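Below, subunit A partners subunit B and then partners subunit C, in two separate complexes.
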Partner chain A sequence: MDFPHILIMLAIYTLLVSALNIVLGYGGMISLCQAVFYGVSAYTTAILTTWLGWSSIPAMLVSGIVASVVALILGSISMHFRGNRFVLLTISLQVIVSAIVLNWTGVTGGTSGISGIRGPSVFGFMLTTKWEQAGFAVVLAAIALVLLSRFHDSPYQRAFSAIREDQLAAQSLGKNPKYFRFSALVLASLFSAVAGSLYALTTGFIDPTSFTIDESVFILAALAIGGSGNVRGPLVGAAVAVFLPETLRLIDIGGGSAANIRQILYGCALIIMMRFRPKGLAGNYDLS
Partner chain B sequence: MISHSQASGAKQAKLIIRNLSKSYGEARVIRSLDLEVSSGEIVGLIGANAAGKTTLLNAVCGMISINAGSVTFDEVDLTGLSPHRIAQLGIGRVFQDVRLFPRSTVLDNVLLGFGAQSGERLWNVFFAQTRVASNEGRNVDSARQILMTLGKKLPLDIPAETISYGEQKLVALARLLALDARLLLVDEIAAGLSVPMRHKIAGLIRQLAGENRGVLVSEHDLAFVSETCTRVCILSEGRVLTVDSPGEILRSRVIRRLLYGV
Partner chain C sequence: MIQVLANAICSGALLAVGAIGFGLVYFTTRHFHIAHGAVFTLGAYVALYVSYGFGFSVPLVSLSAMIVGFISGIAIERLLYAPLIRRKASNETVLLSSLGLYIVVANGIAIMAGDQNLMLRQVSQDPFQSFGVALTSIQVLQVVIAFVLIISLAAVLRFSRLGLALRAVTENPGLSVAHGLDLDRIRVIVLGSGSLLAGLAGCLAAIDTGVSPHIGLRAMLEASVCCLAVGSKSLLIQAAMAVTLMLLQGVTGWWFGVQWSSAATFLIVMVLLLRRAKRDPENRLG
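Now for the complex of A and B:
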């Protein structure tokens, strides 16, 4: 087993599932475009570090800003979209951005992607080994979990969850749903942006296949399995998402069909969870 | 005094409704309605079903748009304002179906009533924790005090959906106290309550009006209206039929015919 790689992926999925937890777990907004923020950030980081020679931290900061701008665009369009219409809007955004990434070859490299991305560096120190990079990823994920824990215990979360439960009642107490939805989308985009930068910096190569709607659905499945509305649910979901394929690899199921078998297993796990444990393994709310 | 505000009662403010009309398609629900509610007054709205009582409350708190007329509160035109903005101006609502946040605790339901909370700004959650904690501490103390002065010992840390219907209505009132509402819109609060709980809530509403708050009560229960209100307005087919004291209204033959058909 490639433990440093597993740790890096665990950190990345902790960030991604936590991001969706903010939007869906607390806010009740089913978003199927989490891979957009992930991808936009990964590409921004790759372009800034590879073509413009920026170092990792400034590139990550700018990637976060770019992802936030995309979230603000989504937020302003989605102000009048709720429920199923919001889901369709996020799918549309995902499809549009995936098409742009695939076809804007001059910037994204199209199907060839961008390769040769330098590894992360922190304050001038290059993190060259996989273990160093894993440590960097785990520290970032841990910071995200601490922030999510503050978020969970805050009056902000209380009001945001109240809007999810009954928007009109929350408004009658002076809570502005637009502010909460906007700010939560931006916060979630920042979490996803960190994941995207980490992915680009630690794998050294990105292409459009990592940021499709399949990835957004996979993040949603991980949240459904782990559970939402608290800090531990996304962590459990990320662990399942990362360890399940590794376990399959270890016991050598499927040979050449391993990827397909993995998809089938995720699908079955999701159906079983929805039927018998709709709150997920460690969640507070079910996703209905 | 049951308000959390340090001031000796709420600031004077008057609700003025002028020439208000509201239609849903062909159906005219409210027709050129005029009404005023001053601080310290409890105005009862009575009328048969579909007389326009709840529609009027919805129009005041911005939950529906109006077709004509104006609604002003404390000299601020409420027309076109969103419900949260109207709530921030000091207009609180108790819904007919209560609408507590069922999965949130009793305490959290009351805490949600407080306006301008430092911890509701995302930046402060991460970067001004001391200020957030201090503001939250003060609000928790105030919420406990409000709940205590409502005169019934309620468990604070259980989901609101697990307390009785009457207790839920008390919590709904507590939320408005946390909001420090200067005008209370109360929709059929007596419905489904035991007689002692009805008396209790009537007493609380009188007490709140005594702190310089205006109260507009939509109600079917005439005994409750008589016990609570200082003025009663009868609505029929979206129009104000008459406005008078509860005693006169209850003696009126027109009203008996309107409400009881006799």
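Now for the complex of A and C:
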């Protein structure tokens, strides 16, 4: 087992699933475009570090800004939407960005992607070994979790939940739903941006297949399985998302169909969770 | 340009069949029925299986896909949605269950049939010239089937007691139940009929362009666009939207290359949704 790689992926999925948790678990909106923020930031980091020779941290900061701009665009459009139309809007954004990433070959490299991305460096020190990179990823994920736990205990989060549960009542208390939904998207984009940068820096190669709608569906499935509305639910979801394929690989199930079997297991888990435990394995927010 | 328009009408007809099925389910139940894509894929692969396995002709192949679609729809309602509805689950729960089923079906088919694009080669793909445009017989068949279906379904909805019941449930489910309509029965009929159309659309897609296991999601998305972007319950408007969408894809492909057609389509969807949202009080936030 490649333990450093597993740790890196666990950190990345913790960030991604936690980011979606802000939108769904606190904001009450089902988003199917989480891979957009993840991909935009991964490509920004790859372009800045590979072609322009930037070091990792400034590249990560700029990637966060770019992902936030995409979230601001989505937010400014989506403030008019709720329910199924919001889902359709996020799917539309995902399809548009996927097409741009795939076809704007001069910038993104098209289907060939971008290779030769340098590993992360911190204060001038290159993190060359996988264990060093895993440590860097875990530290970033831990910082994110600490911030999220502070957020979970804050009045700000309670305003989010109030709007999710009863918008009219929250409005009568002076809470503006547009502002809170807008900020949920931007916050989620920032956490996803960190995950995207980490992915680009630690794998050294990115291509469009990692940021398709299937990835967005996968992140949503992980959140639904782990549970939303608190900090530990996304952590459990990320752990399931990362350890399940590793376990399948270890016991050698599926052979060439392992990826499909993994997806089937997630699909079944999603159906079973929605039927018998809509809160997920460790969540607070009951989707039903 | 006339050729682009002719192709748009033909592929729009195929999309319209699936869109009407999606709309039937969506406007009656208000569920974002992602499993519609699973039934679409299932219909396509059943068509391929009975055609290559048993040598069935096109009408029998289509009938098989429709029967499997119908049975799948009823099974989805009875086994997946009904238990959730009985528990008064939210639309989000139903959507995620539907998504789960789509993932299971698409990947199950991928394991059994492989990931490659498969095509049903029973109908001649050689084009014939008519009024200055080149069309294949399957393209003409798509238009005829869509036309007959839309007219028949519109007649059922307009003139039959069942149609009246469906329209009543669509407008006001609570009041319909209060007046003695059996909502469970109507949901079964709607899911069965909508899925029958999804199965047929999948079969036609297998004959026309070929299918792969994950094609259902895109088919469902395009069908949902025809229903949600304009928000009209009229079958004719949904069909017109399907043709417009395909025309848009054709024109974009012609000007910028086919790789940009889906992006252009969904960009227009965003614009349409935005225009609609500003007029629709249901969507307003605060």
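Rule of thumb we're sticking to: the second predicted complex is superposed on the first by the 287 of 288 C-alpha atoms of A that agree within 3 Å, B and C clash if a C-alpha of one lies under 4 Å from a C-alpha of the other, contacts with A are read in each partner's own complex, and residues count from 1 in each chain.
Everything that follows uses one rule, which is that a residue touches a chain if its C-beta (ideal position, glycine included) is under 8 Å from a C-beta of that chain, and two chains touch if they have at least 3 such contacts.
Since this is a predicted model, take the numbers as computed values, not measurements.
> Just to be sure I read the superposition right, which of the two partners does A:Ala169 touch: subunit B = first, subunit C = second, or both, or neither?
first
> Identify the partner contact of A:Leu187: answer first if only subunit B is touched, second if only subunit C is, both if each is, neither if none is.
So A:Leu187 only meets subunit B here.
> Check whether subunit B or subunit C contacts more residues of subunit A in the superposed model.
Between subunit B and subunit C, C touches the greater number of residues in subunit A.
> Thinking of the overlay built on chain A, is A:Arg150 touched by subunit B (first), by subunit C (second), by both, or by neither?
It touches subunit B, and subunit C stays clear.
> Have a look at where A:Pro177 lands relative to subunit B and subunit C in the superposition and call it first, second, both or neither.
So A:Pro177 meets both subunit B and subunit C here.
> Taking the superposition on A as described, I'd like to know which of subunit B and subunit C A:Arg158 touches: first, second, both or neither.
In the superposed model, A:Arg158 contacts subunit B only, not subunit C.
> Let me test your reading of the model: by the given contact rule, A:Ala221 touches which partner, first (subunit B), second (subunit C), both or neither?
Second partner only.
> Overlap the subunit B and subunit C contact sets on subunit A and report the shared residues.
Dual-contact residues (subunit A): 171, 176-177.
> So in the complex, which bits of subunit B are touching subunit A?
Within the complex, subunit B touches subunit A at residues 61, 63, 82-85, 87-88, 92-93, 95, 99-104, 108, 111-113, 115, 117-122, 125-126, 129, 132, 136, 139, 175, 179.
> Mind listing the subunit C positions that touch subunit A in their complex?
Residue list for subunit C touching subunit A: 26, 30, 32, 80, 83-84, 87-97, 99-104, 106-108, 110-111, 214, 217, 221, 224-225, 228-229, 257, 259-260, 262-263, 265-267, 269-270, 273-274, 277-278, 282-286.
> Taking the complex as given, what residues does subunit A use to touch subunit C?
Per the touch definition, subunit A meets subunit C at residues 30, 77, 79-85, 87-89, 91-93, 95-96, 99-100, 102-103, 167, 171, 176-178, 181, 213-214, 217, 220-221, 224, 257, 260-261, 263-264, 266-271, 273-275, 278, 287-288.
> For a test of understanding, state which residues of subunit A touch subunit B in their complex under the given definition.
Spelled out, the residues of subunit A in touch with subunit B are 147, 150-151, 154-156, 158-159, 161-162, 165-166, 168-177, 183-184, 187, 285.
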